[in-house]
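I am attaching a structure below and will ask some questions about it afterwards.
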Amino acid sequence: MFEARLLNSAIFKKVLDAIKDLLNEGSFDCSDSGIQLQAMDNSHVSLVSLNLKSDGFDKYRCDRNLILGMNLASLAKVFKSSGEGDTVTIKAQDDADTVSFMFEAKKQDKISDYEMKLMNLDQEHLGIPDTEFSCIIKMPSAEYARIIRDLSQFGESIVISCTKEGVKFSASGDIGTGNVKLAQTINFDKEEDSVVIDMQEPVTLTFACQYLNSFAKATPLSNQVTLSMCDNVPLVVEYEIPDLGYLRYYLAPKIEEDEN
Amino acid sequence: MFEARLLNSAIFKKVLDAIKDLLNEGSFDCSDSGIQLQAMDNSHVSLVSLNLKSDGFDKYRCDRNLILGMNLASLAKVFKSSGEGDTVTIKAQDDADTVSFMFEAKKQDKISDYEMKLMNLDQEHLGIPDTEFSCIIKMPSAEYARIIRDLSQFGESIVISCTKEGVKFSASGDIGTGNVKLAQTINFDKEEDSVVIDMQEPVTLTFACQYLNSFAKATPLSNQVTLSMCDNVPLVVEYEIPDLGYLRYYLAPKIEEDEN
Amino acid sequence: MFEARLLNSAIFKKVLDAIKDLLNEGSFDCSDSGIQLQAMDNSHVSLVSLNLKSDGFDKYRCDRNLILGMNLASLAKVFKSSGEGDTVTIKAQDDADTVSFMFEAKKQDKISDYEMKLMNLDQEHLGIPDTEFSCIIKMPSAEYARIIRDLSQFGESIVISCTKEGVKFSASGDIGTGNVKLAQTINFDKEEDSVVIDMQEPVTLTFACQYLNSFAKATPLSNQVTLSMCDNVPLVVEYEIPDLGYLRYYLAPKIEEDEN
């Protein structure tokens, strides 16, 4: 028997919005420690890693490890039906081929339940090695989304350069070139507006706009986003899910003759 | 001479939005008692019945019974031109082939008048028999719209089951199944949030989503909607138009082998 | 060296939104007195005339007269990247083939700079003769936009008639006819709501809706718009850009057998 209950179903809605463009299907690994999802995106370029820890749930019970394979578009439809502030309870029997979702409205007089068929999906076991990163940039997630969107108008790639002083995003194409520079700033009054850089050595890497933009779909999950970079290693874009876990995206840098 | 004046033209705008997808044209029967419109929708499945009583208007005069046949898309364009809070005056001569609409802005310095050609439409006289309904459900109109929209994602039909305890809406399809249950609740502080069920005997009927969704276009007209159901009789979905009348939709249940 | 600095980049954004549908490219004439742009629209029917005076800028330097030819869609992309309240600095070297735009966020920790290639555009020198107008109508710009949009539903042309008492906009077509009348009104409390008519003699002229609608894209620039009319002379639709200059559109009247 698997049962997980969350007082605010909107978090799941946001998680699904953040991954459903990258993944058609997903295998949710449910164990005593929580729910995990790891998968390459549909075009096998980037990697999505979701981790929701069991003690972040309001109720959590997992008698036996389970893999719940689901179509994410269908799952998103189920969660779209949930209202603002609904409580959600996810349930699956140990050997069941269905999973159920129950939404309870705050006022308690409306209960919606949905039952979805599970899918048998090929499991990819992806080892993500621990990396010492050269630069770790923590910045407002809305600012990240804005910069990537703006620069995507100018080219298909974005160069991210990080030094002690700040981080620079650049793009160039037929129209011209654009650079956006953010200086390290610590905002004590409004911590979520801070740009904090933890640098071992400067890094300059180039990434495909398309994926950087897809990752920005996770913006509603968190006020801040963390970019971790190191030469020849995938960029990690992490959104913390408050009290519950994290959503990480991995994207290998582009190798270009003239990377600057 | 026919003349009808309403201080708030927005009500007409909402009525037109609520019917213009179902009906291409409409014959408005104008008499001393008010304005009536009754018509089958374009695909001859559901029935629309609008009743605006004369004493709900700020001025009303109808010397002779008149039938004003109009194209509803054109009429909606005319009313789209009216501003928030405009007064509208509708006028037609007894034998005229045009109808005129005058909108006066609150500030009185802007007057818009429109003249539209009338159409000669075939009149269908539709007798709607009085029915004793088994269940009459009064519920928030926004909740009705929401539930129908959500469940439409799961199938083409919605089953509505009503018992003393509450009402259940269900749909099922390839993705899975969904059920939304509303319990009877009387909210004394916010009467429009109440769900009130008047049941003689339980009913379970199946309807086409498409029409239930079209009816929800009337949501802006009223905080509450009333669903009246009885076996083998069309469902009535009624929106009261405060101080002026009502808009009703009729839809026959689907006959299915396994109706549950 | 050319350099112009404006504390509020949003003004440029609004100017570009107001002209980019009419013009694909634009030659900005930069001189000691300011920046000017004059061009026929893409279909060579209407004329756009923009005038930004140098002392309206927060910093302005123009050592030598320059013509900056730019693709307006690209330029709009650059300004779309600027945030609410950004300061913009435009720079070009005397013989350069590029122009640069630097946006500084209010909080000073984000700097974006863009470099765009200049274009060599054919210069049209358009003499606009001084005209004594028969009627000059000053009215709320939002009201102008609304009336033109509403009447465009009824026909392809709009007749504007001006007398001492007020101004009337009319359109007619298959659906019927529509007239909107605005009386002269002076609103001392809310000056921007006034309709002020300065009439030498009454005028009635007919114009193509499409262009009148395009001009309304300038609505965000100013609370009021001025229409200047005279028989056999192009209509002038002027939006003042507060403290900085103006944007004017010129449109020749339609010559019709029955001009109403």
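By letter and in written order, the chains are A, B and C; residue numbering begins at 1 in each of them.
We adopt the following convention: a residue touches a chain if its C-beta (ideal position, glycine included) is under 8 Å from a C-beta of that chain, and two chains touch if they have at least 3 such contacts.
Each chain and its UniProt protein: A, B, C = DNA sliding clamp PCNA.
Please read these numbers as outputs of a predicted model, since none were measured by experiment.
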Set of chains whose contacts include both chain B (DNA sliding clamp PCNA) and chain A (DNA sliding clamp PCNA): C
Homomeric contact chain A (DNA sliding clamp PCNA)-chain C (DNA sliding clamp PCNA): same or different residue positions, threshold half: different
Turn needed to bring chain B (DNA sliding clamp PCNA) onto chain C (DNA sliding clamp PCNA) - CA fit, degrees, nearest 5: 120
Inter-centroid spacing, chain C (DNA sliding clamp PCNA) versus chain A (DNA sliding clamp PCNA) (mean Cα positions, whole Å): 44
Chain A (DNA sliding clamp PCNA)-touching residues of chain B (DNA sliding clamp PCNA), taken from the complex the two chains share: 143, 146, 150-151, 153-154, 175-183, 185, 193, 195
Complex contacts: residues of chain C (DNA sliding clamp PCNA) adjacent to chain A (DNA sliding clamp PCNA): 71, 74, 77-78, 80-81, 83, 98, 107, 109-117
